[in-house]
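Before anything else, here is the set of structures, which you'll find just below.
Two complexes come next, and they have one chain in common, chain A, joined by chain B in the first and chain C in the second.
The block that comes next holds the complex of A and B.
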């Protein structure tokens, strides 16, 4: 046995989730102490997005495969919780096609949070059994097709989902602290996955799929594990969102949220957990600022207001600028850490996957 | 493992282009074999077939007496068939330690166990000072040595080294020869050395296979290969009677 010492992965990297959760906790405390009701809602929405984007990062960041479909798991989680928590009397009217078991269910928020998140994870696993065999752009397009399929089902299965109408009556329970708890839980789960065997193997496959296979890594299996966990986390974000607004609609989980959440991931840094969290906080701040400016800011005796839609344009511009000048995102793929480490046991230094695939066999 | 890794009448075609034709080759355990041939001879295609990265169009690959043709690369690695790559192909964003750990976790160890084995392997190869370096920042020679250490993790039964001496100085090639000798002696591992450095191959291989245009044109011990007309012809064309060792070095 060697006498050479090697640093523990946990000891090297645990400061990252501590810093991230600490930062989010500070925002929550300041909001609770000094924030207005409206600001509280903004912060709550930001925490929900942290849970969503961290969930997406768990798959995208570790595998290098861009997914356009994770908003679909958010939708599944949100509707799952709606089915479990809306009072039965309302469900009989709004959702007459529900099975008797669901129609009569009226679970507590926390129980439905767990069940609906797991349900989203199970659906991610089932879809992943097929999609994770694909790679590169084919895989990304397939995730987008999956999103379209989920949206179409939820928009047209009227008796069960309410169709394109909004489903109301969801108990409003998500506030600053519950959403903070969801975001913190997502950070912890993503971190633990990142330092796990599967997380290391998947990042190796992202860097060099061919060499990973030659090292005994079953990339399909590792991608499936990450996809399932990330589906469950996005489902949890959906549950939090449903219980934040008290109403769900399929279009709330479609292209808009997909664009915003991917923008947050790209801006922060696609291959680091810190990047995912920082991207959400930064883009949320920009959105909030622009939202206020769209409504108008009083300057002297006049009012300065920006045209509607400027939020989306600004986010697009920010993303283009980041991609041009800092392709690895603001963090460049590095993690916030108190320890000085040259090895990135948790996450990678660079940003994007190589696009390699186990099927890209080396040829003569 | 007591039985050789075998390619039996392996042929590979890419869109009608024949890369390998009826190649039969044994890699015996605990010995160093060589595979040489001019550029485009089909050496890497054969390595890909033997390690599960390329299915043979016809023929079979046999490992431990079992037909493993068509088995995926990660499954063949789990059966003890390891390889290195011409281009290194390290996980450039990961540390050297993590590069080796990946093999450990890929073969079923926990991270703690894999890290411990990786540290031992780095010590054994003599590169433990690189442990915390990011693989993408390594100089070329170290990259090669880390690639070999990664392949040797978990004591494979066979290791196929694809041009490990490329770009190395004579001194570094000597160190590599010593390392390969230790692989066989200490790990009882069968080695297939694929190299353009013919002097290295002639020096350390007990048996050498020669490929040309996808066909196995000759095989034998170094003394035989040095004087083989077929080998000379493959490397030198029809320019006549030139001493093999002198011509190629």
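The block that comes next holds the complex of A and C.
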């Protein structure tokens, strides 16, 4: 990548994923050492969210295009793994419409994880071929339309997906460590993509579309690559989720999850990998804390508890307040890093409009 | 003939609701590039406002029992008020933020409103008996059409005409249209930003309450989630119509209503559950054909 005197991109930035994974590992170790069973489940769910939001970041953060569709890839991954791992006996009853090859398959979790994630990636590639031609708000709406299409299909294609009823019998394998592994893998892949030629070119296109195109960046192609990778990562998150709950249902992968994960991304700071991870960890922590307070905490002699329903209201208010005071998200687009030059590839603090930053041009 | 008429009325009445919703979203988008995801919750809030001040499980309609000439202005006022308050408290501070931040903030605001309603009224839908005699059918050229459908369509046309007059003939309206076209330029020419943005929020909120009145009469229930589907379609319609174009939003709203009614009628039976998949595929196709929207204003062209 670098033929100049500068240290390589890898050397400049590698501390970011190391710090992030280290932080997540610390949470995992603490949970393993001290946490209760229930707390373990909360942490597992958080790790799955990290994988999902980092997957979304791979596309949204690098391209600057908000996508409402990534929950769809999560859905595809989750159902893909359900098709591959539910025992054939159960599938005959639950999903009679499956093709014989799928109906007789009973793969191990890891094999299924890889295949189902790749499947989500392939679908993302196919959809991306069409959708990546669009940009800006038209692109966002098109991804939302895609999500609606996926949801309609999975909710109504009864013999293959079980319709709106839940598909049960998925082996439960996702625990704290496996979900941590998934989150860490997502961070590594997102990081490697971010410093790759394609990732840098895409970010150049995000900050200065015309200048980047004039310098030979094919924005359509780079977006398609990012969309495919992020689709596969979200698919992986879906697989982890399916094997965490043991049950899948199309509505689990619709608007609710779309909005909460987008919120986490934007609150963290949508143009940095650190922002994606921090957003998830922080909001999950606040939600958990409020949940605890709703149940009641002992203060001195009495218990203090919030009335039911306050938790959701409070989380909304917290998000609004954070965004009011830090419109660029908590990290403002900067990465956690050991070196001083944290905004090494031109992540702009202002998020928008400051396209004249000298570092924004793709380096060749 | 009667069947055609029936379909036409269905399409128009479904389209009216989408058109009103799209207009509400387009007005705000025009002046401050905000896609207001809280719009659906404004609708739900207005529906539940008819139950005030009772919080009982069995709905005791209080405001809803007012005679119509009082009820309509009260509900419109509540919608406009809620919308304006949210502008003052929340969105005013975010005017310079990027669109993603505003979008997520509006979503968070909607989430708060939703959960406030949930806390007071629980998630179980409640029966509202609002103007139930309106669902009696009337006969128009041989087709039996619920009176409400006719009223919905007529009301929508009246609202649209009133709005057109407002936008064309009044100072406010002209300012608002100028702002929607090119906000920076409008400000330079003396349009006051605060005033015009507040007016846009007010009108948008009032439109949300119109939808609330229609939906409550049509379905006879108050459900916390009732605004969401309308808001989503309206949002899509706004983009298809061309963001910033008010008449584009209205036409696209009617278009989506029409397409979904037609598909419902003409799709083969086994494909009918997948209707929404077809509708949204059409949306994607329309965006690919005209990424700037069907009726994009000139100002929406990107400049280098």
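As a working rule, the second predicted complex is superposed on the first by the 317 of 364 C-alpha atoms of A that agree within 3 Å, B and C clash if a C-alpha of one lies under 4 Å from a C-alpha of the other, contacts with A are read in each partner's own complex, and residues count from 1 in each chain.
Following the convention adopted for this analysis, contacts are C-beta pairs under 8 Å (C-beta built on N, C-alpha and C of every residue); 3 or more make two chains touch, one makes a residue touch a chain.
Remember, predicted model here, so these are calculated numbers, not experimental data.
Trainee: For A:195, select first, second, both or neither according to whether it touches chain B, chain C, the two together, or no partner.
Mentor: first
Trainee: Let me test your reading of the model: by the given contact rule, A:316 touches which partner, first (chain B), second (chain C), both or neither?
Mentor: Only chain C is touched by A:316; chain B is not.
Trainee: Does the superposition put A:210 against chain B (first), chain C (second), both, or neither?
Mentor: both
Trainee: Let me test your reading of the model: by the given contact rule, A:133 touches which partner, first (chain B), second (chain C), both or neither?
Mentor: Second partner only, chain C.
Trainee: Determine, under the contact definition given at the top, whether A:266 touches first (chain B), second (chain C), both, or neither.
Mentor: Second partner only, chain C.
Trainee: Enumerate the residues of chain A that count as touching chain B in its complex and touching chain C in the other.
Mentor: Chain A residues touching both partners: 210.
Trainee: Which residues of chain A touch chain B in the complex?
Mentor: 1-2, 4-7, 9, 195-198, 200-201, 203-204, 207-208, 210-219, 271, 333, 341-345, 348-350, 358, 361-364
Trainee: Would you pull the chain C residues touching chain A in the complex into a rising list?
Mentor: Going by the criterion above, the answer is residues 35, 37, 90, 93-94, 96-101, 103-105, 107-109, 111-112, 115-116, 118-119, 228, 232, 235-236, 239-240, 243, 273-277, 280-281, 283-284, 287-288, 291-293, 304.
Trainee: Using the touch definition up top, name the residues of chain B that touch chain A in the complex.
Mentor: Listed in rising order, the residues are 14, 19, 40, 42-45, 48, 51-54, 72-74, 77-78, 82-83, 85, 89-95, 97-99, 101-103, 105-107, 109-111, 114-116, 118-120, 122-123, 128, 131-134, 136, 150-151, 153-154.
Trainee: So in the complex, the part of chain A that touches chain C is made up of which residues?
Mentor: 66, 130-131, 133-135, 137-138, 141-142, 144-146, 148-149, 152-153, 156, 210, 255, 259, 262-263, 266-267, 270, 307-310, 312-313, 315-317, 319-320, 323-324, 327-329, 351-352
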